[in-house]
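Below are structures written as structure tokens.
After this come two complexes, each holding chain A, first together with chain B and then together with chain C.
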Partner chain A sequence: MTSKSVLLLVSFIVVSSVMGAKYIFLVNAPPDSVMGVSHSLACPCECPMVLEDCHMSCGLQWKNQIGEKLTAGLAKDDIVAYFYKRYGSESLLTPAQRFAGKWYQVSRGGYPVKDMVLFGMIVLVWTALLNTVLVMGKEKLQSLTKK
Partner chain B sequence: MRALALVAVVTLLFSGHAMADGKPPYEVGRMKVTIMPEYDSSAVLVIQEGKFADRTAFPKSVSFTLPKEVTKLTDVCSLSPGGHHFCQLFKLDYGAEDTKLNIKLPYSDFFIDYQYAPFTVSENSVREFSFPLDTTNSVKTLEAHIQEPYRSERFTVTPTPVETYKKDGFNYHKFIFKDIKAGERKFIKVSYSKKDIKPSVDEMYSAMLTPSLFSENSGEIMLVLGLATLGLLWFFRRRKGNAVDDI
Partner chain C sequence: MRVIAGIIVILFPVIAFGAEGRVLIPAGTALIGTDMESLSSQLGDARAKPDWYKDETPSKKIAVEAFLIDVTEVTNERYKSIAKDHSFPQNLTKYAAVNVQWDDADRFCKAVGGRLPTEVEWEYAARGPKGLIFPWGNDFYPRNVIYMDSAGEKPGLTVGSYDQESSGANLLGGGAPVATLEEGKSPFGLYDMAGGVWEWVDTWYDEARGLRTLKGGSWLTPLASVRSATRLADYPSRIFNDYGFRCAYNAE
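The block that comes next holds the complex of A and B.
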């Protein structure tokens, strides 16, 4: 494998990992919203989804409970703690479960095609950008070594 | 006589093929449709769930008919006897009068959840719509529940509901229809007026929202920023290369 291919591969892995981690682990919604809290909980419907993606009746019951607790003035940590005490560790997500849940959401077509295309284009453009920066850095290093 | 027998065999074969191929209509045993106007957005939220009568015939392809004004189909899922949910890939065909949903269901239980916008909201206005019940497949018992939006006035539904009840702070109107034939046209007319354009539930406390990959225009901004930086780098590299060539 040439050094150019290695740099391109490294760029792709770094960019797709960062973008993937942002999508899987970071939440767009504020912590005092139902979406913000349900990002931290597992779907109770015996499916691998994260609660925020779950629209089944059992998931909606949990989300309604979150809404009631938020309007009663509880903070995100209190609500997550309540679910842990009430339903045990199965209500929480390990990083692997979160990854599996989000992958399930993507693979079942849970997001609009436009968003998926945009995600792919961002990964490609930023891979090209990082690759260019790495190539420039490598060239600079080589010129310094020559001197 | 032989010709008649041949025709009978061919007819049987074709009808069998149609069944195996998943051509509707089929019979739905029970179906429940919950219609929530202006629940957490300015559209109407609809949840359609039910069970096909012949559970042994699944998996197979089935069709549903949704209103033509569907703006977002959130979920199409099937439920296994063990309680596992299988949300499916689906295909929507937008027609002039309605929207066809084609899907392969692994189990006879189904769950469809979508938003549709039969009216535009404005302050101090009357909202009216006629919801077409999905009768693509025949239905033994169809229950419809219409939720009254918060702060709505002069709320009326036609035909007359069998029951009006309260649940989680909302008023609901319940309808029960029996032995509906496939293709039979059934509508529920809803009319109410509202002074404001806010939905019943604040988006912050809505259970029905789903997360998006990008918040607002952040995806587009990331893409344009990346392209612009890439273009600048390419430009400078090219200029630098030309300068080296000139020397």
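The block that comes next holds the complex of A and C.
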């Protein structure tokens, strides 16, 4: 395996970890928006999805309720509290459930295209930078050794 | 003297419970709400944040006038007798009427000579003079209540197939006929004040935002929400298959 392949692999692992964590755990929408609140809730339908990705009728019903409550001026925490009071932990996500939900979303074709393009670009740029730094470092080291 | 005592004993159920299943709640001091310090120990789920229930804090003592209240939630059968267009599965006549808007519940209660109870009246009727956490006491007993974990424990609970289903339809569980859980009665003898269905009360949760208060938790809710102090806010136009009600009546 060449050093460039190793670098590319390392870059891939590092960037995919960061991007994956961002995709799974970080909210891509403002917290006081339907998607921002939906990010914290589980889909109530017969699927393991995060509510923000769920487009089944029962999921849309919950999103509609979230929208109405936001319009009335309720904050994200008030809305999450409402869902917990009504449905308990069924409405919440553990980190494992969130991971499973996002994996389910990706595996059924719900690819986050924008994030994936960004991911590819970051991997390439990061690898190139790392490669340049290592090559320059190696040359510097060789010149020092010659002296 | 014995004759008088005998007559009182015979007449007591009629005086206290009435012909339509009402119970007289005597005037007294109601302990309402919960103190923040004791809240986290009452929630029973590490994932439930005390902040989500802070709307019931702090606890207060409020004087309550005597009033009467239904022993059970209004059933489908009873509701249909006034609200002729109410539809429900025919095997659920003795179940609490659900999918009822606040306005319709209020209209029904007025039609039978009553009104919806206020939140203070409801909570007093549920917790009794001692201000219990649950209607039956301060410790939680799953057998006394129909809540989210009852699906496995009480086989036969059913959601039913309503014309207008709601978001709980995909979750396991469901209701049971009213007044089936004897051990879950409140100190005043009321059934199903915890779990079963949420009950509309005649108190605004947030008038500016148009939110009404619901009490008691339902077959969908966690342990934390079947505590009698729990408050839920929702729009009066909402219909859900776990939103019902019972009526109160002035004592005079």
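Everything below uses one rule, namely that the second predicted complex is superposed on the first by the 99 of 147 C-alpha atoms of A that agree within 3 Å, B and C clash if a C-alpha of one lies under 4 Å from a C-alpha of the other, contacts with A are read in each partner's own complex, and residues count from 1 in each chain.
Please note the rule applied: a contact is a pair of C-beta atoms (placed from the backbone, for glycine too) under 8 Å apart; a residue touches a chain by one contact, two chains touch by 3 or more.
Since the model is a prediction, treat every value here as computed from it, not as a measurement.
Student: So, does A:Glu46 touch the first partner chain B, the second partner chain C, both, or neither?
Tutor: After superposition on chain A, A:Glu46 lies in contact with both partners, chain B and chain C.
Student: So in the superposed three-chain picture, is A:Gly67 touching just chain B, just chain C, both, or none of them (first/second/both/neither)?
Tutor: The answer is first: A:Gly67 touches chain B but not chain C.
Student: Which partner does A:Thr132 contact after superposing on A: first (chain B), second (chain C), both, neither?
Tutor: The answer is first: A:Thr132 touches chain B but not chain C.
Student: Given the touch rule stated above, what does A:Met121 touch, chain B (first), chain C (second), both, or neither?
Tutor: A:Met121 contacts chain B only, not chain C.
Student: Of the two partners chain B and chain C, which one touches more residues belonging to chain A?
Tutor: Comparing touch counts on chain A for chain B and chain C gives B.
Student: After the superposition on A, what does A:Tyr87 contact: first (chain B), second (chain C), both or neither?
Tutor: A:Tyr87: touches chain C, not chain B.
Student: If you stack the two complexes on chain A, which partner ends up touching A:Arg108: first (chain B), second (chain C), both, or neither?
Tutor: first
Student: Which partner does A:Tyr23 contact after superposing on A: first (chain B), second (chain C), both, neither?
Tutor: first
Student: Just to be sure I read the superposition right, which of the two partners does A:Pro31 touch: chain B = first, chain C = second, or both, or neither?
Tutor: neither
Student: Under the contact definition given at the top, report the residues of chain A touching chain B in one complex and chain C in the other.
Tutor: Correct list for chain A: 45-46.
Student: Going by the contact rule set out above, which residues of chain A touch chain B in the complex?
Tutor: Within the complex, chain A touches chain B at residues 23, 27-30, 32-35, 39, 45-47, 49, 52-53, 55-57, 60, 63-64, 66-67, 70-71, 108-111, 115-116, 118-119, 121-122, 125-126, 128-129, 132-133, 136.
Student: Which chain A residues qualify as touching chain C in the complex?
Tutor: 44-46, 58, 61-62, 65, 68, 72-74, 77, 80-82, 84-90, 92
Student: For chain C, which residues are in contact with chain A within the complex?
Tutor: The touching residues are 45, 47-49, 51-53, 148, 166-171, 209-211, 218, 220-225, 230, 232-235, 242.
Student: Enumerate the contact residues on chain B facing chain A in the complex.
Tutor: By the definition above, chain B touches chain A via 49, 74-75, 77, 79, 82-90, 111, 113, 168, 201, 203-215, 219-220, 222-223, 226-227, 229-230, 233-234, 237.
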